[in-house]
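Got a structure for you, written out below as structure tokens; questions coming shortly.
Residue numbering begins at 1 within each chain, and the chains themselves are lettered A, B, C, D and E in the order written.
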Amino acid sequence: MEQEPKQAGSEFEVGLDAADKSVASFARDDRSIDHILRGILRRNPTIIPAMVLVFSVICFGIIAPNFMSPGVLSLVLKQVTVTGVVAIAQTLIILTAGIDLSVGAIMVLSSMIMGRLAVDFGIPPFFAVTISLFVGALMGWVNGVLVTIVKLPPFIVTLGTLSVFTALLLWYSGSQSIRGADIREMAPSLLFFGHSLRFGGFVLTYGGLALIGLAILIWYLLNHTAWGRHVHAIGDDPDAAMLSGIKINRTLISVYALAGLICGFAGWVAAGRVGSISPIGFTDINLASITAVVIGGTSLFGGRGSILGSVLGAMIVGVFNTGLSLAGVDDYWQMFAAGNLVLIAVALDQWLRRATK
Amino acid sequence: GDLTCLITKNNTNPFFVKMKEGAEAAATAAGMDFQAYAGVTDGDAAPQINAIENCVAAGAKGILITPSNDSVGPALIDARTAGVLVIALDTPLADKNAQDMTFATDNFEAGLLIGQWAAATLGADAANAKIGMLDINKDNISVDVARDTGFLVGFGIDVPNLNVMGSETDPRVIGHETSYASVEGGVTAMENLLAREPDINVVYTINEPAAEGAYQALQNAGKTGVLVVSVDGGCPGIASVKDGVIGATSQQYPLLMASKGVEAIAKFAADGTKPSASDGLTFFNTGVNLVTDAPVDGVPSIDSDRGTELCWG
Amino acid sequence: MKRYGTVIAMDGADFDLYPGEICAVIGDNGAGKSTLIKALSGAVVPDHGEVLVDGRPVNFKSPDDARSEGIETVYQNLALSPALSIANNMFLGREMRKPGVLGSVFRMMDHKRMQDFARDKLSELGLMTIQNINQAVETLSGGQRQGVAVARAAAFGSKVIILDEPTAALGVKESRRVLELILDVRSRGIPIILISHNMPHVFEVADRIHVHRLGKRLCVIDPRDYTMSDAVAFMTGAKEAPEQAA
Amino acid sequence: MEQEPKQAGSEFEVGLDAADKSVASFARDDRSIDHILRGILRRNPTIIPAMVLVFSVICFGIIAPNFMSPGVLSLVLKQVTVTGVVAIAQTLIILTAGIDLSVGAIMVLSSMIMGRLAVDFGIPPFFAVTISLFVGALMGWVNGVLVTIVKLPPFIVTLGTLSVFTALLLWYSGSQSIRGADIREMAPSLLFFGHSLRFGGFVLTYGGLALIGLAILIWYLLNHTAWGRHVHAIGDDPDAAMLSGIKINRTLISVYALAGLICGFAGWVAAGRVGSISPIGFTDINLASITAVVIGGTSLFGGRGSILGSVLGAMIVGVFNTGLSLAGVDDYWQMFAAGNLVLIAVALDQWLRRATK
Amino acid sequence: MKRYGTVIAMDGADFDLYPGEICAVIGDNGAGKSTLIKALSGAVVPDHGEVLVDGRPVNFKSPDDARSEGIETVYQNLALSPALSIANNMFLGREMRKPGVLGSVFRMMDHKRMQDFARDKLSELGLMTIQNINQAVETLSGGQRQGVAVARAAAFGSKVIILDEPTAALGVKESRRVLELILDVRSRGIPIILISHNMPHVFEVADRIHVHRLGKRLCVIDPRDYTMSDAVAFMTGAKEAPEQAA
């Protein structure tokens, strides 16, 4: 039964030329204020943490007497600087659907290396800082290689390297801190980020400025370069990204190395903040950075989130801690409040996202 | 009234919790407001720096602090510059300018007393004792180092470096294990030491919970007659001395430190006078007593009944 | 040849494609069609065998290598990033940069140019009216997504375009559009590999039909010489295949 | 153009009756030893951690002189008992593709409640234990409700409740421990699991027996009841499970509550292990339990894993810790080795899985 | 009626099903067919509207509720658990227990009975030769998986069986088997709802055709009264729909 090839289509498709050429469009809600607001929130999810921040500042301004002063507000900024910088690194990793439990270890180890090179070995601070940043990036690179080449889940990789880096830290430092006086004498520039500018009662440390600058830089990279699009695509759906021709391994390794570099930088900022370098320190920064990222609205499943949100998230936690303590709330209850804050912030975020869909 | 701040190392060690209760009671009695803060981990300065800054922001008249680390020095100097009286409790700061006064027990002295007691109790056997050391961890936290080396020196062991733990080479010391100053850590640490050397007969412990754990492990292993010594002198610890769980403990007085500290701040707030050091010392010594029911010659001690009267919680 | 563990998904699957033709690949479920084209497009690295482009052996280690040779593929599972916009998806892996120092030093993407290009391509193909080129792909219907994937391949494929079951989830109208697009691409001289289970579609557009069975090329037939029922019979093993015809 | 309905199919399908009716079968590898071994490994993935355990015991037997004695081996079992019990709870959560950071807090808080009720309030031990188990289950239930009803990611939920439960613990206990002597006097049965049976040099605590019993019980539930199949299905693909008619929420809440109950039970076992009850201690049990689960071969992505593997995983870590400390290795290097152990064990597991596919 | 945020996926979609018939649902991509049947099977809770079973209003809160009414659904995305075995998947949510105290008190599953039942059902349907009923579903080919899903629905559906594009990914041979199965099920008197984009298939088996458009029932036609091209024209809006015919 020979048939005519290249026919114009099955006979039942003849009517198609007359078919409706427009895409299906469904009835839309009226453009009520509610609707417009939802649209704005959907397009700018960072507004949610921003509003939470403003709201909590106002609340504490009412509850805690001294809270609404330039001094206290700049204090909050100062206290969240290190967490904020690390949260930026953590955001990068979480955007790729990973998680980094080793950020704190990388930060403290880089900082220790910087200090010992400059103070104990008398290497010029510039080189000491460069080397420590490089070592930070190297540790991140190791994480990245384990995640991509050995193909282990990021949680496992960084759980393992957390122990490994901490062990190296304790061994390398001999559990000895480097005293602030020695640093000030030998290499004062290691404490650079601890200095500050004053505008009336408002005090802005160089560390705070560095946080803002870094946030802008990474925001630019994520939103205005091809690399940033690739990072989002990988977090969104790694298989799709691979099939789209993105070099997954190379991009992922670069993300981990960059995160390591930022953690190394955080080590420098931390030295300025604390005024000395100690092998124990910032013990809660892993969880604090994850908390900041999560409160900032970045999804732990990857692909969705923002750097600005994470910085705001870190500030929200800072406002709560300082605010509660100024309000004279007990330590336990601060911890209690922090736990509830995480739950409420994320629940609110999820709810708003569902509502604005 | 005026605000007093207390900043401790953590929220979990009963020593600091009692210190907080004592300070709060004293502050209330003196008609002052009181705010307590704690760090997270012993040795981590960052949360304490935040706490110092928050205290200054809250307008405190004085800060009582058990510093985790000398890194809090600059923040304390800033606080002093802002007109706040700073009193270090329990642990002095290396930087003399960082504090107006220290109210403390000499931790080295506390270690020394139990070391001397253990050596004297063993008598001639001290020459071939087998000693297990249960420290907090390997981080060389200052209190940990002072008690550990104090004990060894008191026992008559040569310690070349008094600033770190484990510098001695004497074969009588079997090993230093990490106990995290907790009962659970004490059990595991003691078990590991016993696995290495079943004939250990002297156990130094960083504090009484660790001693309790060590005793538990010894009992499980069926060991009796092992000398367990400790430092702190909390009421549960003294009860353990009474029960024979702990041979001797050096009792400290955190409540005294706290209440003296609060008094000093109250005085400073009232008329600006600053506290002064004890005679012949650079700090205000709140004292230490060896508590044991088996006193030995040459080492002054009090018995557990007296210890119970003085204990802090 | 490609093995997945103990399963040999493809073995002795010779495949030829001539310029400007539409070559259809048909075969049972699990015959190894997708594996074959994944090997051609670099998504899977074959254990043995080689791929020649213009007679020159190439060695694709990743889909990116194949893309730089001008081979574009629409995979069975589409390979779009749900949270990214349509424009971003179309340019994923080959973003345009701003001209001048902004692009070369600061590596800034040229959002505007990419959006314009994407809008042009989509309306040129007449495949759909997209309201907003910055809409996330996850907000599109299945048919619209398929359209984006096909448009991407058509826009950038310069040597070969591979389509793996592009109409499986599509309605009658949407399928028709895709077929028209395929013919349109061929008229630009670009050869196409089309995998489909839809015999009428295959016989309508294909110049040659490659029948795949049990991981092997069974035969290549000319749709003018055989009927659909012959093709189905070959493919399912109901009839003996002819000696290599094409 | 009317057409005949109910035709026997399109004309091109006529040849189908003659079609090959068998499923596609591909050439198979020969049944070499290699092939058979792989088959066994694929069907029994628990063999991998079991082999790692045996191998590491042998290694330490060579390195550390006293290691291969019944006393030391029973010591390892004793030391991993609590981690093992908590790892069972953690396995349940991880099988549903969740993670529980609050296991340690639940355990210590339940144990504290048990101790205070029995010792400070003089409630009969039986009731004290029952209430504390109930409170453990209740805390797990809270996690489960937050995960299912409020729809927050498990990581966030348990990060939040970790703080909340810890705050409650500090508040409730006033940071006071309950002394062993008091417990022995008032309610010795709280220390039940610390007692032991002796077989020659080998000492088996009741806690160890409880661990084995619990592992068998949960293994039975997971593999021989419908509930267990549902737990696997939910971890595997929650949407598919929901569409298959499984009551996802109810099952998930039951998993979290059961995990809480097991943590409460772990608190009882821990009291026996330590001989007293203290609000501090077991600080690393969260990470230790996750490590044990992961080394035991359970996938963090849910749906695949085994209880027995987790218990073996806990033992592997125990063997390493005890072995290294007997070999006189410093704390840092123990930590270093533990980190590498996680990485190598999981890499090995992944590699074997790929190779045996 | 069902809204997803601002998208109204279904509005005024009346739907009737009579005993022992095969009712096909056709419509463009995104017309709301899947949403309609999800509402019928409890996977989605409609914002308004009601479902009547045997004239009695029911209120499905979950797929489980629908299943206990005897309504079985094969979803477009299959809804099988990849890591579980074929037997476990077939019995997911309705596992058999051992008889006696083992089953009632210890709630022990009867693995053996479930395996036998699953093997029987699969071979009874003649859909494929499964070598090992304890094989994980993830090791099956797409066609085999579809077979398991259809077999599950056919084995347990006592009132209604709903199939959402059961043949989309299937080859010619496999599609034919599914159609035979559908006719077989109808011959047992169980009504079937079939969603498909394949017009020849629809016209071959359906007793009535429900045309869905823009979230609404456009019309219901009898396949004997209209041609495929009429149906396509209605569905795409090329022709005015007739007044409600069936």
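In the analysis below, a residue touches a chain if its C-beta (ideal position, glycine included) is under 8 Å from a C-beta of that chain, and two chains touch if they have at least 3 such contacts.
Here is each chain with its UniProt name: A, D = ABC tansporter permease protein; C, E = ABC transporter ATP-binding protein.
Keep in mind the model is a prediction, meaning the values are calculated, not measured.
Removal of subunit E from consideration leaves all other chains as one piece through touching. When chain centres are defined as mean Cα coordinates, B lies farthest from subunit C.
Averaging Cα coordinates per chain places subunit C and subunit D 45 Å apart. Each chain gets a centre from the mean of its Cα atoms; for subunit B and subunit D, those two points are 38 Å apart. The distance from the centre of subunit B to the centre of subunit E, each centre being the mean of the chain's C-alpha atoms, comes to 72 Å. Computed from the mean C-alpha positions, the centre of subunit A lies at a distance of 30 Å from the centre of subunit D. The residues of subunit E that reach two or more other chains are 28, 30-31, 141, 144, 172-173, 199, 227-229, 232, 236, listed in rising order. With touch defined as above, residues shared between interfaces to two or more other chains in subunit B number as follows: 11, 138. Among all residues of subunit D, those that touch two or more other chains are 1, 10-13, 16, 19, 24, 170, 330-332.
Within the complex, the subunit E residues that touch subunit D are 43, 62-64, 66-67, 73, 75, 77-84, 88-89, 92-95, 97, 106-109, 111, 128-129, 141, 144, 172-173, 176, 179, 200, 203-204, 223-224, 227-229.
Interface of subunit D with subunit B (complex): residues 66, 71-72, 75, 78-79, 170, 174-177, 179-181, 194, 196, 270, 273-276, 278-283, 322, 325-326, 328, 330-332.
On subunit B, the positions that touch subunit A within their shared complex are 11, 33, 35-38, 40-47, 49-51, 53-54, 57-59, 69-71, 73-75, 94-95, 138-140, 164. The part of subunit E that touches subunit C in the complex is made up of residues 27-31, 141-144, 165, 168-175, 197, 199, 232, 235-236. Subunit A makes touch with subunit C in their complex at residues 1-3, 5-7, 9-10, 12-13, 16, 19, 21-24, 220, 224-227, 229-230, 232-233, 236-237, 239-247, 303-304.
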